[in-house]
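Working notes for the structure below.
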Amino acid sequence: MAKIHLPGNKIHKKKFKIHKKIGKAPGTITYMGNRENAISSLDVIAYSDEYAEEYSPVQIESLLEHKEKEVKWINLVGLSDEEFIGSLGRSFQLNSLVLEDAVHTEQRPKIDEYEDYIFGVFKMIYLDDQQNIIIEHVALTMFKHHVLVFQELKEDVFNSVRQRIIGKHGRIRSRGADYLFFALLDAIIDNYFAVLEHISDRIETLEEEVYQNPKPQTAQKIQGLKKEVLKIRRYVAPVKELVSRLIDSENPLITRDTKLFLRDILDHCLEINESLQIYREMVMSLMEMYMSNMSNKMNEVMKVLTVMASIFIPLTFIVGIYGMNFDNMPELHWEKGYYMVWGLMIVLLILMLIYFKKKRWI
Amino acid sequence: MAKIHLPGNKIHKKKFKIHKKIGKAPGTITYMGNRENAISSLDVIAYSDEYAEEYSPVQIESLLEHKEKEVKWINLVGLSDEEFIGSLGRSFQLNSLVLEDAVHTEQRPKIDEYEDYIFGVFKMIYLDDQQNIIIEHVALTMFKHHVLVFQELKEDVFNSVRQRIIGKHGRIRSRGADYLFFALLDAIIDNYFAVLEHISDRIETLEEEVYQNPKPQTAQKIQGLKKEVLKIRRYVAPVKELVSRLIDSENPLITRDTKLFLRDILDHCLEINESLQIYREMVMSLMEMYMSNMSNKMNEVMKVLTVMASIFIPLTFIVGIYGMNFDNMPELHWEKGYYMVWGLMIVLLILMLIYFKKKRWI
Amino acid sequence: MAKIHLPGNKIHKKKFKIHKKIGKAPGTITYMGNRENAISSLDVIAYSDEYAEEYSPVQIESLLEHKEKEVKWINLVGLSDEEFIGSLGRSFQLNSLVLEDAVHTEQRPKIDEYEDYIFGVFKMIYLDDQQNIIIEHVALTMFKHHVLVFQELKEDVFNSVRQRIIGKHGRIRSRGADYLFFALLDAIIDNYFAVLEHISDRIETLEEEVYQNPKPQTAQKIQGLKKEVLKIRRYVAPVKELVSRLIDSENPLITRDTKLFLRDILDHCLEINESLQIYREMVMSLMEMYMSNMSNKMNEVMKVLTVMASIFIPLTFIVGIYGMNFDNMPELHWEKGYYMVWGLMIVLLILMLIYFKKKRWI
Amino acid sequence: MAKIHLPGNKIHKKKFKIHKKIGKAPGTITYMGNRENAISSLDVIAYSDEYAEEYSPVQIESLLEHKEKEVKWINLVGLSDEEFIGSLGRSFQLNSLVLEDAVHTEQRPKIDEYEDYIFGVFKMIYLDDQQNIIIEHVALTMFKHHVLVFQELKEDVFNSVRQRIIGKHGRIRSRGADYLFFALLDAIIDNYFAVLEHISDRIETLEEEVYQNPKPQTAQKIQGLKKEVLKIRRYVAPVKELVSRLIDSENPLITRDTKLFLRDILDHCLEINESLQIYREMVMSLMEMYMSNMSNKMNEVMKVLTVMASIFIPLTFIVGIYGMNFDNMPELHWEKGYYMVWGLMIVLLILMLIYFKKKRWI
Amino acid sequence: MAKIHLPGNKIHKKKFKIHKKIGKAPGTITYMGNRENAISSLDVIAYSDEYAEEYSPVQIESLLEHKEKEVKWINLVGLSDEEFIGSLGRSFQLNSLVLEDAVHTEQRPKIDEYEDYIFGVFKMIYLDDQQNIIIEHVALTMFKHHVLVFQELKEDVFNSVRQRIIGKHGRIRSRGADYLFFALLDAIIDNYFAVLEHISDRIETLEEEVYQNPKPQTAQKIQGLKKEVLKIRRYVAPVKELVSRLIDSENPLITRDTKLFLRDILDHCLEINESLQIYREMVMSLMEMYMSNMSNKMNEVMKVLTVMASIFIPLTFIVGIYGMNFDNMPELHWEKGYYMVWGLMIVLLILMLIYFKKKRWI
């Protein structure tokens, strides 16, 4: 089975990180991940209906100029340089709590609305080339004219959005920053479906294993899968509530038109939550099925033992009788005695077999 | 057992489809089913209180004319021709998200209200001639004077509605498009009851199997049924909420009179959800019962083994004693020795039988 | 155990009935029960503070006259005559959906408020003389001055109400139709308590059976009881919600005084739902207990087998040794050899018994 | 284990009582308990800031006079004298439904607000001298200047309140009837904590029994405890909701100051409900633990059987070989033959022991 | 495994304490803990933007003076001196119910808003040096210019807050008493994370034990862990609701800015509750896994028994045959008879081994 990069491991590491955080004042920028000493770098895609340009790397100062009708997508890669992120935050006048959450890689999904921007933390969950489930932290900050993305690694799930901007596919170039925010969120959630499919496939594989050839390790695999579903649900389930609240809010940063698209995302979230719920029940059924198969196997083993013992123990008793050494045992001296004993034993054997046949044990 | 066309299989196929969708801009019309290259065709039934006429096939242009008091029921069969559906959508000024959902055959049930129309996605669930459960995607769009239906195959559950229109049964001819929308939805939901009955029958059959003659496969069948109930619930349960919201909305497209009928549908939805809940608990009971029967069978097997072993092992020991070859074993030379051993063994046997009888093991 | 007339059977029959209904226009009067060809007849009790008179049978026309301060209780027995019911409905200007539900014997409990009347469907659940649980459909329609009751059979749970009217017990004669409606509903719900007691008794009986003498059939009985509780809950649980909504509605047909009594009914409904919940948990405990008893029994069987086998298999081995025919076996020629073997075996036996005693297996 | 006076028994008796009630008009005073023919008597404690006096027994007429600033606590003991209670009710102008509930000893907890008074039914749950759990019905009616208490027996949980009034402890003498009502309710709920402790103790005792020395009866005790927790929850859980509603109501009978104290009671109710929830989960864990212990024991029994059988069955086979009577068996005539067989058997035995040691079965 | 100081023990002791409280008037200061005769002492940290000073011990009188812009953090250590606490309460004009809860060490978490102050009870849960989980009662009272903390022991979780005040780290010195209240609450909740990690570690350790080497004690450890999770949840879960209500309240004591920080705490509470929920499900999975392992082990034991018995019992029967002493047994006199029997037995053995191999039992 493919190795799974799941928070199971991260939790173990978090122990040291958590101690790093306990006792610090709230709002302190404290990187919680395990990719320390990464260099933070900024990429920008600036676009309007007429043009789309990529700059990389850029300086913080150049980000603050604003051309009319231009939307800027600013990507920050690498979250361990706390000082750099601090100065970036000051340039964009971000609340210190926002910066804290932006680099807090264990932060659960959230959307907070501030006066000039909307800040959201999500988890990118995707499969790498070896079909491992990768969970990465990402934070999106939407301003009136730009979207600021915090991510740990250069790899992300946003390539399709980049292509749509550069290649001018769809309506993205003619819309504002709110649509970009939506498009990024949509890309994150689209990838959840691929992960769900992966889980669904693994459930099917395990189901076959349980039905065909259950081994003690099968139970471990089922429990492992259950834990994964639990953990993915943890990162995915809250998104529904968050998006729903965003739709209901009257934030002027989001146009009515974009809300229509957010409703579409909400729909996807509902579907994902339902699927996870169903997967959970299926995994529980698998365990039940496994236990029932164990029971069946035990039954089979016991039947073989019972049939063998019940047939041969009485026969052994009979031959034991005529192994006794009494002086006076008339049967021993009958000429046909030996054959009569054989006859008796064969009759007994046949009766036994009929009995077990009737009980469907053989 | 009848073969069941359930999403179990579809999910497997969806894998390839999902990849088709990931990365596309939202609102892109992407057919998700597995009936590609189907030719889309349009049928129309136009009726008013005085007349009812069927046209097939028709061109898109002819659909847009409107005679007074006429209601048009437009049926689009075949969803894989994305271009054709695009142009149909433009003619009716449908939102691109609507078109996307209309051909997205894996879309969960939804009702969205737009300014000029109400759009709903549902699942037709019905039994085919071999008692297979068929789940088909259907999308209904209700305008002021016509209802546009998207479906994959010509087979549907709407024949009774067609007959009522043509044969002028009931009140359907004298009412507007909202009543047609309701009548179609009612036909979809009426079929759910037939499927529920089918499931109820299968629960009864399995119950008998569990009570009379449980086999290892019985557990598999129970788990399979559980999965089916789970999946049907997934497509059926959300409808209740959707209809309830439609009743509470103040959409001018729905007359007060039709709302009365929608309340009737809501009632059916409640009943369906309750039934599914009960079936789920019954299936869980079946599994419990199966496990308890396995336990009972094991008990029976063990009792036979124990009775046989407990009776014959001591007797074999006794005959073993007198099979020993000691020079000095006085009993061997007693004249009645052999018969006394027989006597002893018969007494032991009777005591054993009494003991096991008292324990109710035989 | 008493035979139970439960929907288990009805569901089986409903299959044919449902097909009768699928495809019909909503609002079509379709009798769903299995007492076809029954003749519908009307009884009336007309009363005011001064008098109370019974008429039977009566014609529809005579029902529509209204004397001041008179309340009419109209009982329709027999629901299969769809034509008669149609004309009755027209006389009372009942909505076609109301008539459909009135004869739809599988209809779940509901209360619908119309402009001039309140329509409710309930289930009479009571014990017949053989302690069978009988579930019967009843529909109540309350107008300003009369209450129209639809029932399938002449037997009902309303005798006490009839006696109170005729005998002028309590306040019923001096109150309006709304109080009559309440009194009928109260009579229905009072009978639920008797059914709950019956179930509580059966739980106790089964509990004793599980503790004293569990048999494989005991598990079947437990599961059967569980199914009954599930099904009764289905018909009883929604009533609470319905009554609560009726109390909150501002319908002028119900006086403030009668609402006080409805609150009393609501209280009873709460109690019934709580009892059903507790019974459900108790039945689940019974099943658990049964499984634990099976386990105990298996343990006991295994202990007997293990004790017998562990004692006699080694002893048989010992006697087997001295049954060997080697030329050179010195022990065989010792004079006390035989007795020494007996001594050894008795010592072994005692050690074994001590060991098993210490383990509390004997 | 102490005998528990739990509704388990009462339910059985209720059967006859319920029939007493079915068919009676609502509002009929029907005593439901099993202490018939008890004589009803009235005690009164009248107090103000300056004085506190007890009268016993008193006549109904003397209760209705009211001195300024005086609060009267009227205790009615004995609920079976339906006529007496009827005349008391008329004197205080109580609604007939109130009187019905006051003597309905099976009534679930409730608080109803009427224009001039607040009526509540609760359960006193306390431990008697033999640590039995006693559940007694009590009804409190709070008027502007007096509180009327209905109870079955003279024993109650209000002694501490009496002492505080007589001894002028705390603030009770200087406050109105609403504070007395609160103080009585507080006394009832304080006793719930003692019962919870008793249950917590019994859980611990059972836990030890399960861990140290589980017997078949242990499972019965666990299930019995579960039933008790279920039943106590039934009488205790609704109180939270009732008190919460009373706090939110704007009833002028309750001063703002007393509401602060009611909030304290609400707090206690929350704690009680949480405890009951935790106890329930603990009892379920106990049952799980018991089953796992049964499994362990079975495993141990099977291991002993397997070890004994696996060692001695092959050895018995070997000695059987040399018990055969073939003319031509060279080994029998070897001089060391007998000793070589012993050697072989000892080697086999050692190998077996090593194998079982490695498997940790011995 | 480390010894755990959990309420399991405290509950046992509470028995005597509860009796101390029953019957007392509400609002009576009754110390409920088991650290009687502790001397209460007061420490104060007074700070403003310019300075921060610690005083210890201080007299009650000196606490009431207030310098402008100064915030006072008053720490009361030792809760058993009921008289001292009474006089402190009177000085600060605290409601008697507040004082009662402040020393009621079994009080569940609560936040009550009074006119001039906000009172909250929480549990400090932290690990001591031996990794024991310690649960300590703490009560916070926030006034306009000071925060009054009630705690039992000098040890607390507030050292980081002290350091931030003294060392002037972060924004705490420039803010008011509401921010101090938040900072203390934040310190309490930060420690919950460390406890959660400890539990997560123990789950992992137990998981390994279950997979590698499950022993009967393993089940006890799992159940013990479950109980701990249940109890921690009890003290931690309510905090979410309380903080959420505080954020929604319009209390002028809390500035809008501090509410932003409270929202951060709310976020942490959500995460903690989710983690506890996941841990609970994981512990339940562990138990399931343990039971499945027991089942597997039993299966293995049974297979060994069955294989040994099924092979050797028939062989023993065969050698028994030729141990019989009939006069007329021709096989005994065949020259190759003995070797032919050996041949037969070896063939049988091989067939058996093939059969068991095919069944995967060996």
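For clarity, chains are labelled A, B, C, D and E in written order, and residue numbers in each chain start from 1.
Just so we're on the same page, a contact is a pair of C-beta atoms (placed from the backbone, for glycine too) under 8 Å apart; a residue touches a chain by one contact, two chains touch by 3 or more.
Quantities reported herein were computed from a predicted structural model and do not represent experimental measurements.
With contact taken as defined at the outset, there is no chain that touches chain A as well as chain B. Taken over every residue number at the interface, the positions common to chain D and chain E amount to under half, indicating a different-residue contact.
Averaging Cα coordinates per chain places chain A and chain D 43 Å apart. Residue positions of chain A with contacts to 2 or more other chains are 291, 295, 298, 302, 305, 309, 313, 316, 320, 323-325, 329.
Chain contacts in this assembly form a single closed ring in which each chain touches exactly two others. Moving round the ring of chains, first from chain C across to chain D, one meets them in the order C, D, E, A, B.
In the complex of the two chains, the chain A residues touching chain B come out as 159-160, 163-164, 169-172, 183, 186-187, 190-191, 193-194, 197, 200-201, 204, 211, 260-261, 263-264, 267, 270-271, 274, 278, 281-282, 285, 288-289, 291-293, 295-296, 298-299, 302-303, 305-306, 309-310, 313-314, 316-317, 320-321, 323-329, 361.
Interface residues of chain E facing chain D in the complex, by the touch rule stated above, are 11-12, 14-15, 18-19, 21-28, 95, 97, 108, 110, 112, 216, 219-220, 223, 226-227, 230-231, 234, 287, 290-291, 294-295, 297-298, 301-302, 304-305, 308-309, 312-313, 315-316, 319-320, 322-325, 329, 331-338, 341.
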